[in-house]
Amino acid sequence: MAQLLAPALPDRARMRRSAPAAVSAVALIAMLCVCSSLQPGVLTVEGLTLVLSATVPLVIAAQAQMTLMAVGDIDLGIGNFVGLVTVVSATLLVSSPLVGVLVLLGLVAAYAVLGLLIHLREVPALIATLGASFVWLGLGLFLLPTPGGTTPGWLASFGAWQPAGFPAPLLPILVVALVVYLLSARSAAGVRMRGLGSNPVALRRAGLRPLTSRVIAYATAGALGVLSGLVLASQTGGGDVSSASSYTLMTVAAVILGGGSFSGGNAVPWGAAIGGVTLGLVSVVLSLLDVRSDMQSAVQGVIVLAVLAGRVVVGKVLR
Amino acid sequence: MHVDNLPAGGTAPPETDTGPAARPPVVTARGVTKAYGRTRALTGVDLEVRAGEVLGLVGHNGAGKSTLMRVLAGMEACDTGTVLVHGRKASADDFRSVRMAYQETSLCPDLTVAENMWVSSRHCLPRLRWRRAASDAVRRRLDEMFPGHGVSPRDRVEDLSLARRQMVEIARACLVDRLDLLILDEPTESLGPDAARSLYAYVRGLTETGTAVLLISHRIREVLSVADRVAVLRDGAVTAERPAAGLGEPDVLELMGAHVAVPDGTGTRTAAGGAAARETAAELRGATAPGLREVTLRVGKGEVVGLAGLAGQGQQEVLERLWRPVRRDTAVNVTRAYVPGDRQRSGVLPLWSVGDNLIVTALRGIARKGLRRPAEERAVVGDWVKRLAIRGGAEAGITELSGGNQQKVIVARAFASPAGLVLLDDPFRGVDVHTKTDLYRLIREEAAKGRSIVWYSSENAEMAHCDRVYVFRAGRIVAELTGEEISEERIIAVSFNEDGGND
Amino acid sequence: AGCGSGGSGSATADAASGTAGGGGDKPFIALSNGFIGNGWRQTMIAKFEAAAEQAKTDGLIGKYKVVNAPGENSATEQVAQIKSLLLQKPDALLIDPASPTALQPVIQQACTAGVKVVVFDSAIDAPCAHVLQNSFVDWATYAAKPLLEGIGGKGSVIVSRGVVGSQPEAEMLDTTKKILADYPGVKTVATVTGMCDGATAQKAVLGVLSSVPKVDGVIGCGDGYGVAQAFATAGKPVPAVDFETNGRALSYWRDNKIDNGSVAVMSDPGQSVAALWEALDLLGGKDVPKQMTFPIVLIEQKDRDAWASVLKPDEYAAWPWTQELFRQQVEAVKTGGKPVQPPIPSAAG
Amino acid sequence: MNIRVTRQWNGPWIWGFAAAALVWLVILAISGQGGGQTVSLALSLAPYLVIVGLGQMLVISAGPGNIDVSVGSVISLAGFVSVAAASATGSAAVGILAGIGVGVLVAAVSAVAILGLSVPPIIATLAAGLVASSITLSMANGFTAVPDPGLRSALNLRPAGVPLLALAIAVLTVLVVALLRRTVYGRSLIAVGQSRRAAERAGIPVARIIGSTYLLSGALAGLTGALLAAYIAPSADLGTRYLLDSVAVVVIGGTLISGGRAVPVGVWGAALFFILLDGLVNLVGWSTAAQNLLKGGLVLFVLFLAGGGDRTSGMASLFRRRSRTATATTTSTGDDTDG
């Protein structure tokens, strides 16, 4: 039926799929325009560096979330996990670098084990990661009950790195998105992960173990979470387990803004990057706009809804 | 059974049964049994597939065909018995040359065609640059099998039409470095006649190179025209194996154990002329939507209206329109109820008992001020369980029932409500003959009480139970048949009467 | 200047700041606040805005801007906001940090950009910033001593700790323990985590009340109102507690006649105003010590009614720092003299 | 597969009560006194968590993907609104109603976004919660009203050691059970939770059911806020802690997380467990770190021990929206469970 009526379907479908990210990108550009009209300095290298640097850890965490959403899961623990990583990097990584590195690797492994258990026990990822988030928080508080510590020098100097003529934060955003793109969209492992989110039965029939796919996805998410935590620590210069608690829902919003969905099967690394930067920029715009501080979160919520509404409209047009 | 794509006996296989019989067996099943919980899907199967032959496998729904195929393809282990590949007890590697195209396509909808190829055929693709290799291979294979297929390796499967997906699924199965046995599980269910023809041409080409092909289909004529031998599976065991030559459709049906209930429609059916005089229960006036073009139809009170034609020509869109009317072109004057055909996804509420499932639609009508009245509900449930002889009774969990009995519950759900218009969306897929006969009777009885029924069926023979039938093609109504005009042949003739079809 | 008039100007302050374009060479003061979710922080902001508005009228500053990080006490948000504040090139940046360490790099960045940075309400390891804070040792001392005297130096007490593990909490617990050691007649029957927050302390104390004998006092950190509620729920008489310094707690204390040695003690939300004066003095080239300790707010029973009559329920007692008082206090810090005791604001303003 | 699930979750509410009893025994062993009073005090704190948990339970029962992450902000906002309304009118009842009303309003924003804009619930309620917390902050600024003393003392009433509030909320719980079992709405909700498609085909007004479920959850969160503000005091972070806890008590309480089965009684067990656990941690003097580790560890332990296996295979289905395309009715993604 479909092929009788709409021979040009694939192109349209492709457009429909990239529409959400495009809408977010439009919102992003609009915000940058607003910023630069209010504060001409924004569009300079220093301005972009200042504005973008805070979004880098969020964008990386959003890639982690995206990886899990690609297999059809969701991670409600990523915020506390990133916080825990900052704590580790401000404590163990300084006092005994080797132990610190091992602990960070252990955290990645813990994510893999979490994915393993979720798969084997057939429990909803939503709840398992929620439970895990308490654990990450507890571990973080255990290591560093209140914010403090100092990050190792190399990490701090990475945070302070400012190449001439190029906004430094753009580099990690692009590099991570590229790596995640290569992994999730171009590699065989990515096919396995998206296949799991798409149709686990097909994987099983083809002799690919869904378990492996899920574990790969969780390990990747864990690694990205660690990276996000390290970048965050490099910016804050210390550890704070609750410093990223807002990331949990923000990353989900970023992936949705970038065109991802809860149904799995889709990897949108570039979309997640755009969504993350968009969300991160909201608070910058708000503070430039002199929005009353108590109204800022409302405006943030309304912007998220507006972008999603724009997406619905574009989706209708493209149908 | 669907419309047959091929004329019966038109191209009989050239070889006689002496040829393939002499060849060595590729896969042999001996005393294979398989149970899922209490369901005994296979009860002791002995079957041999020989190199270079096409073996047709037929059997009623739930006979165990798909299960047997999964066992033969090494997808699942059997409980007892053995499966031999080339006469040896098979290891995982041996099964690599046994490939299967699944009844419900086992592609990942979010992946591209090429990526799906990697999933199923990664062993014969290079480790690096596999994307390019997979694209080339699938394009070549599709060109061979379905000339003019219109599939690009970069398309996502979810964007493809059903027919193209089926093509990809079949091509996927053939994409392997060494193919000993190709299993096709109802491959032509959503293919057009041209595609089916080129598929079978390819299949014959394959057998010439020594590959065995196992073909499952409910389209008996098709099987007879392609296969060298036909095996009949009944209740989990092979009950007959015959050479295809000389076998006729009625013979096969008899072997399958179906007493073909020839509908005696004329008796129950209302006079055709009466239709116009009836009060209108619902109508579409020039409805146009994705999949629908300028459809105008009308349903009278107490009338059974059939929607016929090849699968996916707009019938379900009509049901959708009547279920969720759009004010500008649809008028529905009575309350509605819906019987979905896809009971797994749109029918059963899996955590509930039979009674709960049955009453959920009628609940609203029975309740007073939003509060349920359990006694009345129980009475209604008891009534229907008895009337349709639902095995297990009202208290049984719905998922413990066999498919046919589940379907009875879903049908009863709709008829237990006071709805004046009941929409049937191909509801009798996977239902056995006895149940079907009961349900046909129910439909006529309820129509006689003044309910209107709109009935889409992929099985044209069922249309004989209707007062009036609209035949669909590419989203349009191409014919309206009434009374004596309604017959399977007539419907098929009308459905195919333009050429072109779904590629 | 900023007292008595209350927080009436707060709602419009941000909008007003945007329009004050004529400042020219007069300084632009920005305040970044890491968290706005409790009454103390809100009072702190309200006091600052009132004082800054007044300073603008008086021509001391050109314009000012307050940015509160939304959401929970989130250092990341604050870092982002400080960065966007820096784009606007303020002359001085006042910071009430969400975290004592997380801001270090961005503060360094601000100093490099030539901005005077004053961090208040919390210590921070940023060598280039000036720090203005209250003494936690004082806080713990005032929280324990009068209370223990009030119960006659004997009986059993519960210790409600603050944010366990934090530097201030460690300091405070240390002091509390030392003081308790001076009272051998006092037995500590339980130690709970109240997080210096009435609601948390209420639940925490309620959780242990059934498992401990009669309690004479609860040594806490500004969580007495919640603790008192917990005792009320359990149907027990309210012991001596350390109240919050807000209107609600003081009225409760007054109205329920809890005259048993309870005190109200907390840090001073007026620090934001003091920080404003410090920033102005720094910009004016005056010599101000890098680290300064300002007096804490202690309300004993004798001052209670005076304070209670001027505070709204969610408003916290703040010292009304004026430029004069501030400079006196700076002198006191420099010379190591007795800290200045600002007057209790009167209802008339 | 279904059979297994049914059996495993047959007595799911036991877990919470068992864990609560265990913690209670430990407390008793440590302190050696006041066992009865411990329960009594836990019962005076648990109801608040139970109310918001019941709302969350209804939402989660509405099927995959449904969750209300705005409850925390709603509680805080409703706290202020109810205290303001109560002190303006002098009537505690008006205050409570105002709290409920504001909860419904915030939920209405979520419901419109979910149903009208097809925004995923987790995002829609997040956005609505952000809006609510903004209003909270602007109300908190210079807020002068004080909670109604009458209501406060009513909340503290404990005739014969049984908190009046606990009794009232027990009645509310019974009402929710009745709502689920005995009303058309309740049955429809459970049907929608099991299979949205099937429910829609069975003639259930799915959108209306889902919308009203969010409104109910908002109302219950609003009620929690109103009571909590009277019991403690209105503050901008009054509800923060309740978001994660509300989801956690629903899970530990045995409600099927993939929808279609709600266990209101289980929420009580889990809430008591959480309250007693807090008490134990404070009694022993453990830090919040240990508290969180224990909570998380137990959630994971219960989860992995009980296992899941929701009726559609794999996690992917938890959020899968079945209707991908208009042709979804005729396509299938290879679910080979039945012939």
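Just a few scattered comments:
In order of appearance the chains are A, B, C and D, and numbering begins at 1 in each one.
Methods note: a residue touches a chain if its C-beta (ideal position, glycine included) is under 8 Å from a C-beta of that chain, and two chains touch if they have at least 3 such contacts.
If you're wondering where the values come from, they're calculated on a predicted model, not measured in any experiment.
Fewest steps needed to get from chain B to chain C, stepping only to touching chains, is 2. Using mean Cα coordinates as chain centres, the one most removed from chain B is C.
Rounded to a whole number, the gap between the C-alpha centres of chain C and chain D is 35 angstrom. Mean C-alpha positions place chain A and chain D at a centre distance of 28 Å.
Centroids of chain B and chain D (each the mean of its C-alpha atoms) stand 43 Å apart. In chain D, the residues that touch at least two other chains are 133, 137-138, 141, 287-288, 324, 327, 333-336.
Of all residues in chain A, those that touch two or more other chains are 1-2, 141, 145, 197-199, 201-202, 205, 264-265, 292-294, 296-297, 300. Counting partner chains per residue, chain C has residues 11, 36, 70-72, 164-165 touching two or more of them. Listed by chain label, the pairs that touch are A-B, A-C, A-D, B-D, C-D. The touching residues of chain D, when paired with chain A in their complex, are 65, 67, 69, 113, 117-120, 122-124, 126-131, 133-135, 137-138, 141, 244, 247-248, 251, 257-258, 287-297, 299-300, 303-304, 307-310, 313-321, 324, 327, 333-336.
The touching residues of chain C, counted against chain D in their complex, run 6-8, 10-11, 36-39, 42, 46, 70-72, 164-165, 190-193, 198-199, 202-204, 206-212, 225-226, 229, 232-235, 248, 251, 312-315. Residue ranges of chain B in contact with chain D, taken from their complex: 37, 41, 61-67, 102-107, 109, 158, 162, 165, 290-291, 311-312, 316, 320, 336-338, 340, 342, 344-352, 356, 360-361, 363-364, 367, 370-372, 397, 399-400, 403, 413, 417, 419, 425, 430. Touching chain C in their complex are the following residues of chain A: 39, 41-42, 47, 50-51, 53-55, 57-58, 90, 141, 144-150, 156, 159-160, 232, 234-240, 242-246, 280, 283-284, 287-288, 290-294, 296-297, 300. Remark: chain D residues 27, 30-31, 33-38, 40-42, 44-45, 133, 137-138, 140-146, 155-156, 158, 231-233, 235-238, 240, 275-276, 278-283, 285, 287-288 touch chain C in the complex.
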